[in-house]
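Letters A, B, C, D and E mark the chains as written, and numbering starts fresh at 1 in each.
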Amino acid sequence: MDITAALGFLWDYRLALSVGLGNTLHFTALGLVFGLTIGFVVSVVRQAGHPVLKVIVTTYVEIFRGTPVLIQLFWFFFCLPAILGVELGNVFSTVLTLSLYMGAISSESFRAALKAIGAEQRDACVALGLPARVSVPYVILPQTVLRAVPTLLSNCVTLFKESALVSAVGMADLMYQGQMIADATARPIEILTATALIYFVIAFSVTRIVSFYERGYLARMRL
Amino acid sequence: MSSSFLNVQGLRKSFGGHLVVLDDINFQMEAGERVVVIGPSGSGKSTLLRCVMGLEKIDHGRIELEGVRYIEADPKSTKDNFVNIPVRNKVGMVFQHYTLFPHLTVLGNLILAPMRARGESRSSSTERAMQLLTRLGLESKAGAFPGMLSGGQKQRVAIARALLLDPKIMLFDEVTSALDPELVTEVEGLMLELAEQKMSMMIVTHDMWFAKRIATRVIFSADGRIIEDAPPSKMFTNPAEPRTADFLKKVLHVETIS
Amino acid sequence: MSSSFLNVQGLRKSFGGHLVVLDDINFQMEAGERVVVIGPSGSGKSTLLRCVMGLEKIDHGRIELEGVRYIEADPKSTKDNFVNIPVRNKVGMVFQHYTLFPHLTVLGNLILAPMRARGESRSSSTERAMQLLTRLGLESKAGAFPGMLSGGQKQRVAIARALLLDPKIMLFDEVTSALDPELVTEVEGLMLELAEQKMSMMIVTHDMWFAKRIATRVIFSADGRIIEDAPPSKMFTNPAEPRTADFLKKVLHVETIS
Amino acid sequence: DGYWSEVQKRGTLRCASAISPPYVMKDLKTGEYGGAYLDLCKQFAEVLKVKVEFVDTTWDNIVAGLQAGKWDMSPALNRTPARALVINYSGIAGYDEMNFAYLLASEKTKNPATDLSSFDVAGMRIGVMSGSAQDHKVTERFKKAQIVRLPDANGLNLALLSGRVDVAGADSTTNLLLQTANSEKVGLLEAHPALMKQGISFGLPPQLTYHDIQVLNIFLEEKVSLGSVDASLKHWSEVYLAGAK
Amino acid sequence: MGRYTWDFSVIAANWDPLMAGLAVTLQLTAICAVIGLVGGFLVCQMVMSRIAPLRWVAIGFIEVFRCTPALVQIIWIFYCVPFFFGVFYDPFYMAILALGMNITAFNAEAYRAAIQAIPSSHYDACTALGLSPLKKTLFVILPQAVLMAIPVLLTNTIGLLQQTSLVAIVAIADLMYEGKTLATQTYRPIEIYTTVAFIYFALSVPLSQVVGLCERRLRSRLA
């Protein structure tokens, strides 16, 4: 295959690909923000909430971890609006699904981190006479976040990758654009390889950051 | 009775309802006393200290400090005791595994409680903390994270952190048993210094030599009860109970400490 | 010289090329001797034992057992020493952290090496293993997994596992320092039993009382060198070197062991 | 108040866009939407004095999207009674026939019979756009062949060219464009008797009233009778073929 | 809420195709699970090999499959392999190829983590016991690695069950694909997508219970 011709071909479609990448990053970013918030709240509820609430959030986590993201997307796209009888925009449905999925997987990471902060640290807080209004924001929360960062970052990579599924419901993300161009031009090799490369470069960099963080920062603190 | 400095009455503590770890403990202590608790593993030494600190829900009994009841079993509540928090805050405790907060520097660990819980200003608490660190020869470590300290340094910082709250009594639970043998001395040295300043203490340790040096009184506990309570001179040379003698023999490999 | 039972000559060991941990160690030992190595943390005691076992690549020197050189620094190879494996297999070693294999039962741990490395039949190795376990009072634990044993039991099984290979010499690296104080006695008891049977041993320990009881000879090492080498009666009561005296004082809290 | 006044309040007319040249097309280099039916969407939006918004989707979602209220119209939708049970339709804006494209080089599809019997054999893979009218007809007609449902027209074309399917059953115009672009590779087969001839119109949300539908119909009536739909089809076919070269 | 009238008769009427799809899903899962268990171990051995080129190939393989979306992998393999080699294999085999390589990469990491978790003192103990390198690998390292990796391997396999739904996008007639087809044919997406989601969920939940059980038992045994 002629590399310069392939690059020239890709260059022609730079706009479509960058629009797709922009959408992918947009969906991922929104999913992250809402998903992490949901995840933290859920993990706290599971740790110390009302029993009824616990059952509800546990069921939620199990459902979203126990079904394919693809079916979740279809369900939120085509079932929920009809059941509720309200209009839900496509971007809204997409971000809703990704957020709920991210919330489910990251609640597990937060939970593990909360658990890893041994009872010893809580005892130390009592022995120092720290009330909850001090121990939670100054001792428990910072340690939870620091500890959860590596798994949360890999959850972010997971979400970024899973977001490719939104192409199946017609959201014009990177995957959708790549597929459209491949289909329309009947030249899948260049375009799909380029798409895969874009995903790879981003996901790979983030995983490097994760191991850098784990080796450097966390090791120094011996968390 | 209630004129004692520390007064533990009818203390009973079980885990899961059936494993009774402390069974009707009655124990008094005067200000300035240094009580060392010894006994076999699992005999409830740590649990006793944790109850005095208010870290465990007790089944029965009450604990008073300077005549004020600050912990009392509350049979109605399944989760908590009655706790008088201002009085409990006069008790300080240091644990076996350096429970410094790893995300804060040494100085950050020291000033957290004075600043956030006692409302002391940053400048005043920092000043007091730095004075204490200087006394301990640790002023150069103020900005270091706990992960960068040796075990002995960590434990001395943990003790300093408790001291900065001006406790009436300090509880030490095997604070040296996770340390390398040479590092033990620096921590024990600091405790001996506190002893000279007449700090009231309850100490759990497996180091009988240290026990002998620091204690004004030694308690031998087994199976959730206080078996013997005597001054160290008596306890280590001529214990009254055969079980105490037995235990000391096992731990010391020698008959008595001269 | 080369008639010694164990002969370490010109041993030098560094990590990463610059951190010299053992510096020109020369050391001989006769059959039946029990050498205890003491010294501050990081002084290279474990490293010395690991070199004798052949677990470390050495920079320089050689080690002989019964006159046969079995380890020699190989300056050409950056990864391995010259090792005479059949001779090295006459050395047995037990580590601080019970290195029983957690996926095998006690019996499985014991017969693994006889069966897989020595080619002994399953029935014969099982028989020998069961005899040994019975002697140790552990026959009921043969089918148990290590996770179900106490620390003291684990260490006794680990010693038994090494003994089943009929070693000429046993190396013990702080085998009791991770144990609860009462469990220490059962492991030390087993080692004393081996001593009575005239097993040659090199022992690293921080327990000076035990050192005094078991040693025929004590070596004090610091900074990668052997500082003092004397019988226990001399070492503990009247050490020649000020550094030794200093160290013993720190570790014992008393001037000498009577 | 009718449905269209709600659209006017919102200010945008949402049109589903699932690729099917020359009806619905998108120039990926520029991101411009085009095609004969999308032109009609644009013109209808002008009538309503609102902006037009094209929503990317795939064919198998096109009816579900109307049911779920994801868009206001699905252009270029074949009229079938089954669909009419769940959504509304505008009047007819054109007719759709289907035919079959196959690879000339393939042994399996040599000299196909016009009654389709040589396609309906075990091991034959017939590609269709998932959820399209052709999908339904082919599913009815073929009992032995395996039916492979692909999400859109381009995917179907690529599947045929890559050998993923042996035969592509699609809208005649779409197939004709494929054949014209790849005349040395692709052959076309017209079925006798015809498998289907269906009107194409706009699919509309189920809750529209008769009055709402009338609005669109009156608009369409004029466009069709003036021949502007045909002209537009011709134009976009040329654009497509120029791009495929 | 409640505007929608549910009608599950459509599920009963189309039970057979759904079950046929489920059979394909289960077949794909089972075959790829086996490939992943064996392949993962082999790739892990390559990663830990002394031969540098073998190591590089294996690490490259793992990173590529871990850092790109599974959907991209599947579509790449479906569209690009025929163009490269001019042949189109049976799509079922292509699906197995794509999913199998994906799970192999993830399992290789699980094995590697397990092997690295074996304390170095066990290697020393083997030397002290006179076990040769081969015997050491065979009787000490391998069994421990497999035991310790089991929970993660099982988790990956549950993930695989959900991943298989992606092949619906390239028209392999699995459960998801049958669901999608039925949804567009019957115009009752709500009942159908809900049922399909429930089937996936009903398969995943008992599996994750098993994982939890395994984890607890292993942890108590290997403690």
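In the analysis below, a contact is a pair of C-beta atoms (placed from the backbone, for glycine too) under 8 Å apart; a residue touches a chain by one contact, two chains touch by 3 or more.
Nothing here was measured: the structure is a model prediction, and the numbers come from that model.
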Going by the stated contact rule, which chains contact chain A and chain E alike? D
If you count the contact pairs for each chain pair, which pair has the most? A-E
Of all the other chains, whose mean CA position lies farthest from chain E? B
Farthest chain from chain A, going by the mean of C-alpha atoms per chain? C
With centres defined as the mean C-alpha position, give me the chain C-chain D separation in Å. 82
Hey, how far is the Cα centre of chain B from the one of chain D, in Å? 80
How many Å are there between the centre of chain C and the centre of chain E, using C-alpha atoms for each centre? 46
CA centre of chain A versus CA centre of chain D: separation in Å? 35
If I count partner chains per residue in chain A, which residues reach a count of at least 2? 78-79, 82, 168, 179, 182, 188
By the touch rule stated above, which residues of chain B touch at least two different other chains? none
At which residue positions does chain D touch at least two other chains? 61, 64, 67, 151, 158, 162
Set of all touching chain pairs, with the criterion as stated earlier: A-B, A-D, A-E, B-C, C-E, D-E
Residues on chain A engaged by chain E in the complex (per definition of touch): 62-63, 65-72, 74-75, 78-79, 82-85, 157, 161-165, 167-168, 175, 178-179, 182, 188-189, 192-193, 195-196, 199-200, 203-204, 207
Per the touch rule, the chain B residues reaching chain A in their complex are 50, 53-55, 85, 88-89, 91-95, 97, 99, 101-103, 112-113, 116-118, 145-148, 161-162, 165
Can you check the complex and tell me which residues of chain A touch chain D? 12-13, 15-16, 19, 77-79, 81-82, 86-90, 168-172, 176-177, 179-184, 186, 188
Which residues of chain E touch chain A once you look at their complex with the stated criterion? 1, 3-4, 63-64, 66-73, 75-76, 79-80, 83-84, 162-163, 165-166, 168-169, 176, 179-180, 183, 189-190, 193-194, 196-197, 200-201, 204-205, 208
In the complex, the residues of chain E that touch chain C are 119, 121-122, 124-125, 127-132, 135, 139-140, 143-144, 147, 220-223
